[in-house]
Amino acid sequence: MSDERTLDLLEAKIQELRELNKVEGLDLSAEITKLEKKLAKMRTELYANLADWERVRIARNTKRPYALDYIAEIFSGFYELHGDRMSGDDRALLTGLSELDGEKVAVIAQQKGRDPAENKERYFGMVRPQGYRKAIRMMRLAERFGFPIISLIDTPGAYPGLESEENNIGGAIAASINSMIEVSVPTIAVIIGEGGSGGAVAIGAADRLLMLENAICSVISPEGAAAILGKSKERVKEAAAALKLTAPDLLDLGVIDEVIPEPLGGAHKDLQQTASALKESIIRNLGELSQASTDSLLASRFERYRNVGRYSILSG
Amino acid sequence: MPIFKDKQYFRVNLEKEADEALWLRCKSCGELVFKRRVRENNNICPNCGEYFFLTARERVESLIDEETFEDVSKPIVADDPLGFQDEKPYPQRLEEAQEKTGLPSAIILASAKIEQMPVVLGVMEFQFIGGSMGSVMGEQICHGMEEAIRRRCAFILVSSSGGARMQEGAFALLQMVKTTAVRARLAEERLPFISVMTYPTTGGVQASIASLGDIIIAEKGAMIGFAGRRVIKETIAEELPKNFQTDTFAIEHGMIDRVVKREDLRSELATVLRFFQEGRDE
Amino acid sequence: MPIFKDKQYFRVNLEKEADEALWLRCKSCGELVFKRRVRENNNICPNCGEYFFLTARERVESLIDEETFEDVSKPIVADDPLGFQDEKPYPQRLEEAQEKTGLPSAIILASAKIEQMPVVLGVMEFQFIGGSMGSVMGEQICHGMEEAIRRRCAFILVSSSGGARMQEGAFALLQMVKTTAVRARLAEERLPFISVMTYPTTGGVQASIASLGDIIIAEKGAMIGFAGRRVIKETIAEELPKNFQTDTFAIEHGMIDRVVKREDLRSELATVLRFFQEGRDE
Amino acid sequence: MSDERTLDLLEAKIQELRELNKVEGLDLSAEITKLEKKLAKMRTELYANLADWERVRIARNTKRPYALDYIAEIFSGFYELHGDRMSGDDRALLTGLSELDGEKVAVIAQQKGRDPAENKERYFGMVRPQGYRKAIRMMRLAERFGFPIISLIDTPGAYPGLESEENNIGGAIAASINSMIEVSVPTIAVIIGEGGSGGAVAIGAADRLLMLENAICSVISPEGAAAILGKSKERVKEAAAALKLTAPDLLDLGVIDEVIPEPLGGAHKDLQQTASALKESIIRNLGELSQASTDSLLASRFERYRNVGRYSILSG
């Protein structure tokens, strides 16, 4: 079975043919159409059968659109607000004000880097305590002014390091979850790439939890899970499957509310199309949430999380 | 625990099984010590002061007034919503943990008294799949807090956990939110939540409910932190200080209120409870 | 300002006095530059981009829509409650500052519009005893916030201050509390408070009202911090980083939301105001 | 005029005479009584005429009782709560639960060190951002459970250092003042030693502001004020007088509510007596505050601070 790289090569060839086709007297249209169809078919095959591990790879693909890419497509302007007012400005978690479909919103977004320099700055999207404390500040600001909160999740997890532990990363995540629970405005969280464990949950405890089709969300990375068992590549794939970390799986399990479709091959194949589906979903969900009074919004949120989990009742 | 083997509904009680061995050898000082004396001494070596591991039952026993134990847990056991299998299927792992610990899940939930003051008390059992928090533990913690609200008393949670339970995937992760949501209700009711961190309080438990105590007490020798040493070393080649994620690290970095010796924990809890018990207008 | 010399009640207006000199020499690039061009350019050197000092009047002018200025300050001037004297009596110091700046106190308080949006705007005058906050400044800031509540609009405070005014002792210190108390009212009313920190925003001003903005914007080149460099060096012989207490230091350490060039400040404020202006249910 | 040291020497001599007096057949009682009277008179003269600068010296006297000394005398037990839950545990600002006259209270107290080691640990009573953030946490806890807040102020000021600025000491003070203003329980602040500028105000914005007789409170240290002018010793004393930083001055100015008397020579001459006066004052003030409803408590607090300041109204 062909892999993504092969398909990309084929696509490039087709593009070359298209260029050639512009030369007068040379008509390759029929051949090009055939090739295009073939490519489309191969792509469908490849991605329709995507194993969970492949989804992990797509979710982590460095070509995949990141939060700022969607923000640029979906929102009108992003007025970034920096800093936790206490000690730092985490570049892996951005906060700001923006406008969506004419409505003012507060945005909390995890952001990975595109190149080594940016990844150094953004810690590969791994959030430190300062990031979660900035998020909490944003939640309070949003609450004060009645801005709904949109949070875009894309992190391998909270940053595991000495500095993080010294600044009580666990306590910061707990406080962030607590703020998400208490904030009296509508909240929508979208997992756009990686939803890595506690680092994702911290800003994911929303009224609606949406997921892009190829995003993943897991309590532990497949590598981490595999490491507990053994370390072979196969085990990583097994773990990826066992963890039920894909969007369709999580929808089946009732953990998320909606899967937002991506183009074949993943969001990076067509940012506009993905962003447009994402935008539609956010607006629709926000519209529904905005109907509710604050009291019923908070009551529904409580019910949602009070009841999450699966267990069996023992017969007495 | 024959009832348990039939997977019937059962209640935890604190009656001890007969101890076969009379003596045990302390790993710290190497001395042979009389097992009953160790038990009566909160599992602390009477010779060198080393803390032996406390099971959840033993922990409950060490904290509450005699004959005040009442199991108030919900009659539930874990599901296998993911159909999770690693070297063994999750249901088998659960069954083995139940056999080993005599508990239906990784937490005991009790109503009891501490120096005559009523509390609802949750105690995690580390030997039950690393005390990991899955749907059952999350539900029991919430149920415990709601029980505290009904009884207008304090809720105490003694953590001993490696974090969220991998085998329950996203459901485990969301217990962080669930427990936080109910914890907010307890706060609205102005009832105290005392979090006791013991060895180890890490991962998703430290990053949610355990860190949200009105008062956070760490047992001496506790390990407290979010990420595991291994993960940190793999992610970033960093030299970690000697006291990394110990009780002293936690207190130096403002994460907890107090470090308390095991033998003082009961009276310490009583002290705290008294502050919230009397002189309030409820 | 003849009225002022009589200590009569007077209002600030933005009409400029005639400029005697046509040219000035830029300290940064050494060029002779046409004074009017500098003025029209927010006091930025048209040759090298160096920021010259902006008086409070010039600052107000640079930020608001033309002909929307209305002085809304209270008709008050400083008392001398301590009978303070150092090399000169405080009243004399005040008088000299008033002469020098043409202002009754170290703050201008105006109602105005920024890109058509109404605001109440306070701007500190550093040349008035170091922009220090005494009873008058505290009262004017509070009055400004209350005026914003009456007008249902945003409050903007442009700080340029060395801190609390020594000459007013404890009264100066308590202006930190006073402004914070009224700021809480503004928050209850859900009206935005935008704090703009310029060179310098330090001491008791930075440690109170200026740090309590919903949004905190620093002008490029601002100095932001609590303790003075001299005090720090005297207390502890510490090597201070090059960018200590600069705008970049403040943003790196999470103290402020944004750093904005002087020439962009007006449009930046408009952007912020628009977020709070429209689409709200007030 | 004799200074404190001379008087201490005389007192020691009298004590020696008292010992000698125990020897049988030797009756020095009359002489001792005379000397005692003389000492008392000299002490009265010395302290009754205390210049402001001498008050500064007493306020800073290393024998002066510190917060923990009063806490031990006044409260039944002090259950210290450590840490800001974010990054540190400042030892110059302590928080805890305690009991006063049968009522549970929350205590926030600035604490200096007695010896070099303790002073190193406590930064000579200079509070860092972590300290103020711990204070804020305590205020929230007190509010949740309805504990009145007693804050004991004794600091030369917030710690001026790189670490402090990196952690936004100014922002932390501002946030602490804000919490003091918003907290919905009765609050009493007592300046027991040095009330140094913003570092004191941070936990001083209370419903009642009390001061021990020889405590000081100033916007700037006399040394700091003198440094602005010149640096001679005389200038420091002048500055101390000009700043109106003593308790009687501040009572005259209407800035504080009450001066709590100290024994002649200062609190260190008789801790029990001072503590007992302090206790009486706190209990009485707390009793008055406890009469009010939360709404009227907050309204009075607002009025108090809304109206603080002195200025002249210009005639129109």
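Should a chain be cited, it is by its letter among A, B, C and D, assigned in written order, with residues numbered from 1 in that chain.
The rule is simple: a contact is a pair of C-beta atoms (placed from the backbone, for glycine too) under 8 Å apart; a residue touches a chain by one contact, two chains touch by 3 or more.
Everything quoted here is computed from the prediction, not taken from an experiment.
> Tell me, which chains sit next to both subunit C and subunit D?
A
> Count the touching C-beta pairs: is A-C or A-B ahead?
Counting C-beta pairs in contact, A-B comes out ahead.
> Report, in whole Å, the distance between the mean C-alpha point of subunit B and the mean C-alpha point of subunit D.
Subunit B and subunit D have C-alpha centres separated by 42 Å.
> Distance-wise, how many Å sit between the C-alpha centres of subunit B and subunit C, to the nearest whole number?
Centre separation, subunit B to subunit C: 54 Å.
> Just how far, in Å, is the C-alpha centre of subunit B from the one of subunit A?
Those two chain centres are 33 Å apart.
> Scan subunit C for residues touching two or more other chains and write them down.
211, 253-255
> Show the residues in subunit D shared as contacts by 2 or more other chains, in ascending order.
In subunit D, 85-87, 166-168, 171, 175 touch at least two other chains.
> How are the chains arranged in terms of who touches whom: line, ring, star, complete or other?
Topology of touching chains reads as other, fitting no named class.
> Which chains touch, pair by pair?
A-B, A-C, A-D, B-D, C-D
> For subunit D, which residues count as touching subunit A in their complex?
It is residues 85-87, 129, 133, 166-168, 171-172, 175 of subunit D that touch subunit A.
> Using the touch rule from the top, collect the residues of subunit D that touch subunit C in their complex.
Touch list, subunit D to subunit C: 126, 158-162, 164-171, 173-175, 177-178, 180-182, 197-198, 201-202, 204-205, 217-220, 224-225, 228-229, 239, 242-245, 250, 253, 255, 301-302, 305-306, 308-316.
> Spell out the residues on subunit B that touch subunit D in their complex, using ranges where they run on.
Per the touch definition, subunit B meets subunit D at residues 187, 190, 192, 211, 214-215, 251-258, 271-272, 275-276, 278-281.
> Quick one: which bits of subunit D touch subunit B in the complex? Just the residue numbers, please.
Against subunit B, the touching part of subunit D is residues 77, 79-89, 97, 99, 102-104, 130, 134, 141, 144-146.
> Can you list the residues on subunit B that touch subunit A in the complex?
7-10, 74-79, 81-82, 84-87, 104, 134-136, 138-139, 142, 164-166, 168-178, 180-185, 202-204, 206-212, 225-228, 231-232, 235-236, 238, 240-241, 244-245, 249, 253-255
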